[in-house]
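The letters A, B, C, D, E and F name the chains in turn, as written, and every chain counts its residues from 1.
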Amino acid sequence: MMSISKRLMSSLPRLSTVAGGAAAGLLAAVPAFAEDAAAPTLNSGDTAWMIVATAFVLMMTIPGLALFYGGMVRKKNVLAIMAQSFAICCFVSVLWMIVGYSLTFGTGNAFIGDFSKAFLSGIGINALSGTIPEVLFLSFQMTFAVITPALITGAFADRMKFSAMLIFSLVWVLVVYIPVAHWVWGGGFLMNEGVLDFAGGTVVHINAGVAGLVAAIVLGKRKGYGTENMAPHNLTLSVVGAALLWVGWFGFNAGSALTAGGLAAMALLVTHIAASAAAVSWTLVEWIFRGKPSVLGIISGAVGGLVAITPAAGFVTPTGALIIGLLAGVACFWGAVWLKHKLGYDDSLDAFGVHGIGGLVGAVLTGVFAAEAIGGKTGLLEGNAGQVVTQVYGVVATVVWCAVATFIILKVLDMIMGIRVSPEQETEGLDLAEHGETIH
Amino acid sequence: MMSISKRLMSSLPRLSTVAGGAAAGLLAAVPAFAEDAAAPTLNSGDTAWMIVATAFVLMMTIPGLALFYGGMVRKKNVLAIMAQSFAICCFVSVLWMIVGYSLTFGTGNAFIGDFSKAFLSGIGINALSGTIPEVLFLSFQMTFAVITPALITGAFADRMKFSAMLIFSLVWVLVVYIPVAHWVWGGGFLMNEGVLDFAGGTVVHINAGVAGLVAAIVLGKRKGYGTENMAPHNLTLSVVGAALLWVGWFGFNAGSALTAGGLAAMALLVTHIAASAAAVSWTLVEWIFRGKPSVLGIISGAVGGLVAITPAAGFVTPTGALIIGLLAGVACFWGAVWLKHKLGYDDSLDAFGVHGIGGLVGAVLTGVFAAEAIGGKTGLLEGNAGQVVTQVYGVVATVVWCAVATFIILKVLDMIMGIRVSPEQETEGLDLAEHGETIH
Amino acid sequence: MMSISKRLMSSLPRLSTVAGGAAAGLLAAVPAFAEDAAAPTLNSGDTAWMIVATAFVLMMTIPGLALFYGGMVRKKNVLAIMAQSFAICCFVSVLWMIVGYSLTFGTGNAFIGDFSKAFLSGIGINALSGTIPEVLFLSFQMTFAVITPALITGAFADRMKFSAMLIFSLVWVLVVYIPVAHWVWGGGFLMNEGVLDFAGGTVVHINAGVAGLVAAIVLGKRKGYGTENMAPHNLTLSVVGAALLWVGWFGFNAGSALTAGGLAAMALLVTHIAASAAAVSWTLVEWIFRGKPSVLGIISGAVGGLVAITPAAGFVTPTGALIIGLLAGVACFWGAVWLKHKLGYDDSLDAFGVHGIGGLVGAVLTGVFAAEAIGGKTGLLEGNAGQVVTQVYGVVATVVWCAVATFIILKVLDMIMGIRVSPEQETEGLDLAEHGETIH
Amino acid sequence: MKLVMAIIKPFKLEDVREALAAIGVQGLTVSEVKGFGRQKGQTEIYRGAEYQVSFLPKVKIEVAVKSDLADQVVETICTAARTEKIGDGKVFVFDVTKAVRIRTGETDGDAL
Amino acid sequence: MKLVMAIIKPFKLEDVREALAAIGVQGLTVSEVKGFGRQKGQTEIYRGAEYQVSFLPKVKIEVAVKSDLADQVVETICTAARTEKIGDGKVFVFDVTKAVRIRTGETDGDAL
Amino acid sequence: MKLVMAIIKPFKLEDVREALAAIGVQGLTVSEVKGFGRQKGQTEIYRGAEYQVSFLPKVKIEVAVKSDLADQVVETICTAARTEKIGDGKVFVFDVTKAVRIRTGETDGDAL
C-alpha cells in the first residue's frame, strides 16, 4: 500500500523511507523495471494478484463477515445482521466511487484529500498506480472502506435500526474512515510521522473496534442482556465465516504489498502463522481457565491473530509473527471474555474485544518486532525504541478522533431519527421487524 | 473474450473492429508483445489471472448459484435444487469436452462451429489463445457453458424431474447455448454484425432467462402456487450465494478481458459499481413501495446489477456503470415483483425476472453507454445510435431462437419421458422423492 | 512441485528425468528465463498464481472440508467435526513452521530431511524456489500438511476425544506425513525411483485414507452403529463443502505446477474433467443399482474423481482424465457403499472409501495414462509398463509405513490418555461434551 | 370444555385452519410432529447405509372449544383434512377441566 | 393429578420456569409451537409474493402436578406470563389418570 | 380409550417404538420437546457468557389405545425407555372421550 502512496504523493518529503519496505518487495517482484522507477509500466503478474486480492477482500465482508457475525446472533436476528454487511458493501461502494477515493487519496493536505478525483474522473484505463492500473488500486482500497464499517455492526447487533445503521455507516466512512486512511496511507500526518500500518491495523481494526465500543455504549445493552439466553444460534455459520475471513485476509495483507513478489509472499506467511498461533493460544488459555476449548474460542483466536498481524504483515519475520499471534490470542481472550464483563458494556459480538484489542496489540507490537530484513524498518528489538512511541502516537490519534466523532454522529442521529428499534421490535426480532422476513 | 476469438477466427472480415476494445486492453497489458501480434507468447500474469478467473466462475455455479437458489425454495426441495446446479456442472463439463468447445469455437460457419476439436483433440499443452494456453481458454469457456443451464433451473424449481432436467440441460446446451455462443463470440453472424456482449449478457443471461420463462410456462405452476406458503426457507443460504456470485463475477467479467491489465481492472470496477448501485436502487424502491427493505431484495438487486453490467463490462465508464446499475435494480424489481404477478406465470426463483430482464436492460444500455476510451466502441451517448439498433438485433435473434428451441425441446421431452414429477412427489418434496434424502 | 524439488535437491542423480514434465511446463511458462536455468529470477505471474493457489488449498480445509464432513454427521456432532479441521489447520501450521518444512524439504537423507531450516531460519524475503519466493513455496506446502490429517478425521468422526485428536494429528504429521512427503517430493527414495505423484495422490490421499482406516478399526464403531439413525443431518453443508473442495483443488493440482503456464492450465482442465466424470459415473451406477441418484452420491463421486486425478494431474491428457474419472467414480462407490459394509469397519465419513480407494486408483492409473506430450513421462499405454510397477511400489511403501505407524501411535496414545470419549459423552454429542456448545 | 387434538398431513394445515375459522373457531395451536402408523415411510440411503424413515412429518392441531361445539369441530377437521389416502391422521377429544386467558384472567368459555 | 398446559409467549419462558420453581414445581416439559388467535401476525413479502404469517411462535408448557396444587400452578403461570398485550396465551387443565416415573417405576404423586 | 403420553430420552425412541410395535401398537405420534427436571443440564459458555442449559432435549410420545391396553403400553414404554439414570422421563395417562380416523371416519376403537 505504501509503495503506491509514494507514487501518488511524490511531493511529500519523508516518503522514500516510509515506503522502503514495500519498495524492496517491488524491486524483487519486477526486476526488469527496477532501473526505470520513474516510469513504471504495467506488470501483468502484479495486476493478476491484485485483481484477486480485491476479490478476496470483498469475500471477507460478503459472505465472510456476514457469516461470522450471523452465526453468533439469535435466530431471529440472523438475516438482519447479514443484511447489514451486505448493505454496507453496496452503499459504501457507491460513496467511495463518488467522493471516497478522492477524499482519501486525492492530494489534499495533511488531514484530508480533495475532490480532484470525485466520480473517479480522469482515471483512464491506462492510468497506473505503481505497476498496476489505478482503477485496480482504487477498487482494492474500496474493499477496505467497505469492511471497516461492516466490522462495527457486531457491536450494536440486534438493536440498531436498519435505516440509522445505513446513514451512520455512510457518515462514519466520510468523517472517520476517510480522514484516518488519508492520515496513514494517503500522505497525511501519521504517514509523515513514520507510523507503520501495513494493511490497516489502525485504519481498519482499531478504528472499527473503537467505533464499536462507543456505539455499544451509546445504544445501551440488548434487552434481556444478562438474563435471557443470547447464545449464538448456529456456530457452523461462524466457523465458515472465520475460515473465509482467513482466506480473504491473504488478499488484505499480502495484497497490501501491491505487487506479487517476496513481500506479498512473506505477508501471506506471517499472516497465516499469526492466525494459527493466536487460535492455539486462545484455545489453550480457554481450556485451562474454562475447562473446555470452545469452537467459538478457536475461531475468535484466529480472527484476533489476523487482526494483530495486519499492521505488521510487511515488517516482521515469521518468528515475530508467531509471538505476535500467541500474544494476540491471549489478549483478545482477555478482551472478549473478561474486560467486557468487567466493564459491563454490551459489545454484542465483540467488535472491540477482538478488533479493537487485537488492533492495539498489533499496532504496538509492530513497533517492537519490525525487522529491517523484511520491510526495511527497524523496531524495538533492533534497537529502534522510537518506533514504539510512533506507533502509540498513531494509535492515540486514531482512537481520540474515532471515539469523539463516532459519539457525536450517533448522538445527532439519535436526536434526528432515533437509532434503536422499539422494545417490541427487539423482542420480535429484527428479521421480521425490519425486513419482514424470517428463517423458516 | 473477443480478442481471443479474433485469433481463432482470423479469417473473418470485421473482427478487427469488433474486438477492438479487448485488444486495447491487451495492448496495455502486454506492451512487450505488442509489436509482434502475429506470434504471441505466453504471459504468466495473464495466465495466472485466467486460472483464477476460471476457478471463480466455477465457484459461481457451485456453490454460489446452488446456495442462492437453495435458500429460496421450501425446505423439502433444497437438496434437489442444489443437486441440479451440481449435476449440470458435471454433465455439461463432460459434454463441453467431447463436442461443446469444438462446436462453439471450431471454425465452422456463421451459425455453428465444427467437430475439428472434438475431444479437445490436437490442443497441446503449448497451444496458445492470445497470451494464455488454449486449454485455459477452453476451461474458462467451459464454466460459462455450465452456469447458463444452471441458471434456468430457478424457473422450474420444485417440480421438474431430475432425469428430465439432466437431459434437457444437455440438449439445450447443444441446441441453444452453443450456437448462440458461436454467433456472438465464436465468429458467428452476430459477432460480424458488431453486437457487443463483453461477458455474456446475451449469451448467458438473456438466453437463460428466456429459456426459464418458456420452461416455467410449459411446466405450469407449482402445486399450491398462490395459496400455499412458498416462502424461502432459509435466506442465509441465499445471502451467501449472492455474495459468492458477486465475488465470482469478477472472474466472469474481468476474466473476459482474457488478460491481466487495465481492461480487466476496469471491468472489475464497473462490475462492482453496477452491482452496488442496483442493490441500492432495488432497496430504495422496495422501501418506498413495500414499506420495508427486504434481504431478498437487496441481494436480488445486486445480482440484477451484475447481470446488467455483464455485456457492458469492457465498454463503459464507472459513471456509465453507476447508471446501468441504478436502472437495472429498478427494472429487475419490476420484473420479479410486478411483471410476474401480472402475467401470472410461475418463474419460481425469477430466472427470467432477474436474469432475463437484467440481461435485456444491460444489452441495450451497452449500446447507449459504450465509451470509446474504455473499450474502443462508441454508443448512443457518443453519437453512435446505430449501436443500440445492433444490440437490439442481437437480443431479438437470441430471444427468438432460444424461445422456439426451448419450447420444442421441452415438448418433445415431455412426450418421451414426462418432465414433471407426480403431484404426490411434489407434495412430498423433491429431496425425498427424487433423491431419497432429506435435511434433518 | 517436482520442478522445485529439483532445484532444492540438485545433488540428487535422477532428478532431471523425474522432473521432466514439470520442467516442460516451466519452459512454456517463462521462456525468457529458459536459457539461464542456473539463475532463476522471480516471475510475478507465477508468484501471483501460487499466492492464490495457497489460499485455495487453505480454503479446501477451512471451510471446504469442515463443511463437507460437517454436513454428514449427526446434528449433535457438527461443531466438533468442524472444529477438528479448524484446529488441525492452526496447530499443524505452527508445527510446520517450527520443524515441518525443514524435516520435509531440508536436504537430509533418502528417508527424512534435517533441521537446517527449523523455524524457517535463513529463508529471506528474496530467497527463491524456482521462479517464486521460497516463503511462498513453503506456505503452499504448509497447506498440504494441514489438509492431510484433517482428511483423517472423517474416519473417526463422532467418537474421538478432541485432546487425543490434536496430539494424534501432530504426531502423525511428524511420523507419517513428513517422511512420506520427503520420500516422494523432498528428494527421498521414492522420488529417486521415479514414482509419479504430481500433487499428492500418495502423499496426501492414500496416506490419509489408510490412516483413517486404521483409526476406524482401532477406535471401533460408533455407539449405535447399524441400529441408530446416523443419517447426515444437513447435506446442504456437504454440497457447499464439496464445491469449495473442487474450486480449491484447482490450487492443489494446478498449483503443483508451481508456475502459471501450460502445465498449470492442463492440470486445471484434467482436474475438472476427472471430477465431472467421476460424479457422472457414481451417479449413474447409483441410479442403476439403488434406484435413485443421491445428492451425497454425486458430490462423493466428484471428490473421488478429484482424489484420483491428483497424482496424474500433470501427466495425463484430457481423455486420460475422462477415463480415470469414470473409473474412480465407480471404484469409490464400491469402496464407500459395498466394501465398508462388507468388511464391517465404521469409517464414519468414508475417509478410506473415498480418499484411500480414489488415491489407489489414481496412483496406479497415473502409471497407465502418463503421456509424454503432457508431462514428459510415459505410462503403460505408451509402452512403459514399468511405470505401473513403480507406482505400485510407491503405494505399497506408503501403505505399509502409514498403517504400521498409525496403529502404533493410536495404541500408545490410548494407553497414555485414552482416545475415545465416554459412552455418555458420545450419546450426548461431542459438541456439548467436548466444547460446551450446541447448534440452537 | 373439550380439547380437540388432530394429527393431520402438513400440507392440509391451511385448509383446516380456514375451515375452522369459517365455523367461528378463533384460536388454535399447532406443532410439528412425526407420526408412525399404517402409512409407511420411505427409505433413505446414504452411501449404502439404509435408514428406514419410520416417522413421517405430520402436524398436530390443538383447539379448545366449548363442549357443545366439539363434534362440529371434529367434523370440520375431518372434512378439511381428508385426502382419502392412507396417513390422513386422527382426531382425539379430551375433557378440559379449566381454561384461563392469561392476558385477562378470564376463565373457561370466556377464555377461548 | 392434573396436567396444566399453557401456551405462552416464547420470551416469557424463563420467567415462568423460575416462578414455577419458586413454588416447588420440580419438572416440566416444553415444546415450540405456533399459535393462531386474536393476535395477528405480520406479513412477509418475498419479491412481491405476500405470505400472511397467520401463525406466531409460542411456547407450550406442560406440568403435571398433584390436583391440589393445580390452581396455584395456573395462577403462577398466568402472573409470570402476563404482559397484558394481546397474544399472551391460554392455560388449560386436564385430568391425569396415571403417572409413572420411568427410572424407578414410582407412580402418581411420587412420580412427579 | 386412553392416551398414553411419555417423555423419554431421545436415543431411546427407536427401542420404544419397536417394543410398542411388538405388543401390537400400530400408530403413535412423536414430538421433540425440552425437559426440565431433576436431571441438570450443562453450562454453555460463549466468550465468557455462561448460559445454563436448564432444558434438555427429550422426546414426547403420544399413543392412543383402548383402555384395557393402557397398562401394558405404560409398562412396555417404561421397560424400553429405562436406563436407570436420572432423566429417564415420565409417563402420563389421560382419558380420551372420542377418537376418529380422518381417512374413513371410523371412530373410537376402530380409529386407532
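Please note the rule applied: a residue touches a chain if its C-beta (ideal position, glycine included) is under 8 Å from a C-beta of that chain, and two chains touch if they have at least 3 such contacts.
Because the structure is a prediction, the values reported are computed rather than measured.
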| item | value |
| --- | --- |
| Co-neighbours of chain E and chain D - touch as defined | B, F |
| Pair joined by more contacting C-beta pairs (C-D or A-B) | A-B |
| Candidate from B-D, B-E or C-D with the same interface as A-E, over half of contact pairs in common | B-D |
| Averaged-CA centre spacing for the pair chain C and chain B, given as whole angstrom | 33 |
| Intercentroid distance (Cα basis), chain F paired with chain A, Å | 52 |
| Chain centre separation in whole Å, for chain F relative to chain C (CA means) | 47 |
| Where chain D touches two or more other chains at once, by residue number | 31, 44-46, 94-95 |
| Two or more partner chains touched - positions in chain C | 43-46, 48-49, 52, 229, 231-232, 260, 290, 292, 294, 296, 436-437 |
| All touching chain pairs, where touch follows the definition stated at the start | A-B, A-C, A-E, A-F, B-C, B-D, B-E, C-D, C-F, D-E, D-F, E-F |
| Complex contact set, residues of chain F against chain D | 3, 17, 26-31, 64, 94-103, 105, 111-112 |
| Touching residues (chain side chain C, partner chain F) in the complex | 224, 227-229, 427, 432, 436-438 |
| Chain C residues touching chain B - in the complex, by the definition given at the top | 24-25, 28-31, 43-46, 48-49, 52, 56, 75, 231-236, 239-240, 242-244, 246-247, 250-251, 254, 259-266, 268-269, 272-273, 275-277, 279-280, 283, 290-296, 298-299, 301-302, 318-319, 322, 373-374 |
| Residue ranges of chain C in contact with chain D within the complex | 72, 229-232, 290, 292, 294, 296-297, 300, 336-338, 340-341, 350, 353 |
| Chain B partner contacts - residues on chain A that touch it in the complex | 41-49, 51-52, 54-55, 58-59, 62-63, 66-67, 70, 78-80, 82-83, 86-87, 89-91, 93-94, 97, 119-120, 124-127, 132-133, 135-136, 138-139, 142, 162, 237, 260, 431, 434-437, 439-440 |
